[in-house]
Amino acid sequence: MIEPLLNIEHLTKRFDGLTAVQDVSFSVPRAAITAVIGPNGAGKTTLFNLISAFHRADDGRIVFAGQVITNSSPERVARAGVVRTFQIARLFRQMTALQNVLVGFHLNTQGNVLAALLGRRWYREQDRRIQAEARRLLGIVGLADLADTLAANLTGGQNRLLEVARALAAKPKLLMLDEPAAGLSSSETAELVRLVRDVRKQGMTVLLVEHDMKLVMGLADEVQVLDFGRRIAGGTPEFVQSHPAVIEAYLGSGSRSKGADHA
Amino acid sequence: MSRGERLALIVIAAVILVLPLAANDYVLSLMVIGGIYAVLCTGLNLFMGQTGQISFGHNAFAGFGCYGSAILTVTYGWSPVFALLASVMAAVAAALLIGYPTLRLRGHYLAMATLALGLIMYELSVQLESLTAGFLGISGIPALGIGPWRLSGDVQYYYAIWAMVGLGVWIYGRIVDSRVGRALGAIAGDEHAARSLGIDVSRYKLLAFVISAAYASVAGSLLAHYVSYVSPEVIGLGMVTLLFTMLFVGGLGTTTGPITGAVLINILPALLTRFQDYRQLVYGAALLLVVMFAPRGLHSLGNLRSVFGGSTR
Amino acid sequence: MPDASVILQFLVSGIGTGCIYGLVAIGFAVIFNVSGIVNFAQGAFVMLGGVITYAFYRSGHVPLWLAAFGAVASTALLGAAFQFLIVRPLQRRGTAVFIMMLATLALSVIVENAVLHIMGDQPMSFPPFTPGEPFTIGGVFIDRQMLWIVGGSIMLVLALWVLYGFTIIGKAMKACAIDANLASTLAIPVQRMVAYSFALSAGFGAVAGILITPTQYTAYHIAVPFSVNGFIAAIIGGLGNPIGAFAGGVIVGLLQSFAVLFFDAGYKEIVAFSVLLIFLFLRPAGLFGSLVEE
């Protein structure tokens, strides 16, 4: 069996008495799309923040491609090959769309101040190459015409797509998308789905958090369900869809007991 | 750099080149000072404009240049160029040392920490009398030059210093349009996003800080040699106000901003000859007005923006 | 090791300056709480307190207490005007906090230079509130004005405590500082409360200036040192906590006294700045405050 790319082991995170993530364990298989779903406040974004080292874990560990990346730093995690997008797109608003994507190439390019000043052939070639690549990526997400528009002037949906293009520029081994479809029109969502499928076809591993059930069930190869910080189910979309604990978690109205153990 | 900015730079270069033919001595000397401040502001622009940080203390690094050059050439008889280089190295070392803890701070904490640095430098220049002669200052600083050649007269200084401005702006432009520049811009845009893309934010902030410190030190040395006198007043809080006014009037984050800002603010008191003695007051008022009405620089007023190009990078 | 009475003497003067710094620091803390701005012009308010009192007293043949009252009132008015004319529109536009700090720096420069041109650069002073010889306790001289300084400061701090804790206006001002949005939903006129807070800060600064002037002097250039030292005090005490800021002020006053005692008089500012840096690097929340996230 092929080794999973990412292993979450007994991950726990507390905030001032509130346990946001409680003893969560699962694996993310290679070259597949794994979705993390759950009602609001289930701990999905906290999980993302833990993996990308924006939060320190109180317990447990995260192993990526054989490397323990728990409690490292966001830039080191990125360098290891994990690139994420954010729930509210974090773009460089003062830069154009093209320039935003160009920043994504930072990890895979070289060149310090001296290189910038000398402007040797290899440096200029590299620059030409990434400029062309950046335009290509913008084309893939359908933003080719907006390459020279300031990010501040793009719509919310365009912001998300730009963020994905920028993340792809970093050539991640694991692409983490935090609610990528939120605020997208139906045509933009279709665009996104096509993109994620293409990206998986090329061998990239995708981990995404999403609320849109239809999207998740149609797109994901595997689904992990969180509720109140615990993992309550995991498996294929069909399996998870009909799992009683999952149905309970989503339907749950009125009397729900906190911390009821379903897993 | 946008095409508009490139054009603006060419126009500025042309004007600078021919200005001495038309200008009188007084304007020329103002332009020399303007050029010196243009160098300082260009460096500060890299740190505050491109990287989006705050420094209320770059007068400290100018102090390294001013006093370093003054002390080394007057007291120890060093050659001006070596004194300048040694001062830059000292400023860079100080920036590395103090930058590491300081740059972990943000917002007003960063502002106040850098202010404290600038004020400590000012106080040291007053207190270390055996070295700096305190409030008396150091006079008789020799002219700038290498070996037997020394600059003499305003015209020579003018071209020498504006050549340095050209070099400084060229370096700035190359950095801003490069991988490094994009990383700095990412930090200005959104630090979390920058880190998530693998950019080592602390390292790049320090880099911008150190480079801007070097620029400030060079400017300080140039000032010392041109005016041939330094005193603590020069590197006091007044310089901080001045720098901010210049940067904001010219346009923070633009390539031409430091030049136009430095020149305009220098020329300002000369234009209002009646207000000579009220210089500081005028600077304060100018800063307030700019902050209130044109925080992106004078060029954001009216349609000048379209002349100088759309995007700022 | 200096004599015990010498140490006590420095202690006394340290407490005196410390109370003044404390009042200035309270001004910083109040404005910061209510607007997130670090007010560079705080020291200018201190300077104005002394200068305006001097101007009224000397030129207008006005009794000292009335001159002082007039100075506090006009400085407080200036503080409110500053909030109304400059801070409010900038905040409405969503201007970055550091640009608003620049505006306060600009204000400080303008006020300083205006005073320089109107009043000249010579030091000015006026007589202590109660004339007479200093008290002597165990070999230590205590200036009569010192009693006014310490007594006055303590009373002001108490008054502030009462204001915030027990009066409606005070509680409204405090609410605006904690959460302006929430306060406005409670039908509190937020902007007016903010203006009052600025007026309060300016007034405290002015009082500090008036209290200290008889023991030294006032002039246009004392603004910056008071701004900086007051700020240091506010950071040490904790920017969020006005009463803590006063404690911070006393600490800075004592620190400076001991710096003068054990080092050179000229180094007292450097000592204060270095302590500031240490706090910023290691404990930006100060002794009694809580960290404010950007």
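A, B and C label the chains in the order they appear, each numbered from 1.
Methods note: a residue touches a chain if its C-beta (ideal position, glycine included) is under 8 Å from a C-beta of that chain, and two chains touch if they have at least 3 such contacts.
Bear in mind that the values here come from a model prediction, so they are computed numbers and not experimental data.
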item	value
Innermost chain, taking as reference the mean of every protein Cα atom displayed	B
Taking each chain's C-alpha mean as its centre, the one farthest from chain A	C
Distance from the mean Cα position of chain B to that of chain A, given in whole angstrom	42
Approximate Å spacing (C-alpha centroids) for the pair chain A, chain C	50
Centroid distance [mean C-alpha coordinates] between chain C and chain B, Å	32
Contacts with two or more other chains, residues of chain C listed in rising order	none
Chain C contact footprint on chain B (complex, rising order)	54, 101-102, 104-109, 111-113, 115-117, 119-120, 123-124, 126-127, 237, 240-241, 244, 248, 277-278, 280-281, 283-285, 287-288, 291-292, 295
Chain B-facing residues of chain A, complex	52, 54, 73-75, 78-79, 83-84, 86, 90-96, 99, 102-107, 109-113, 115-117, 119, 127, 148, 150, 166-167, 170
Chain C residues within the chain B interface of the complex	37-38, 86, 89-90, 95, 97-103, 105-110, 112-114, 117, 224, 228, 231, 235, 264, 266-267, 269-270, 273-274, 276-277, 280-281, 284, 294
Touching residues on chain B, where the partner in the complex is chain A	171, 174-175, 177-183, 185-186, 188-190, 192-201, 207, 211, 253, 311-313
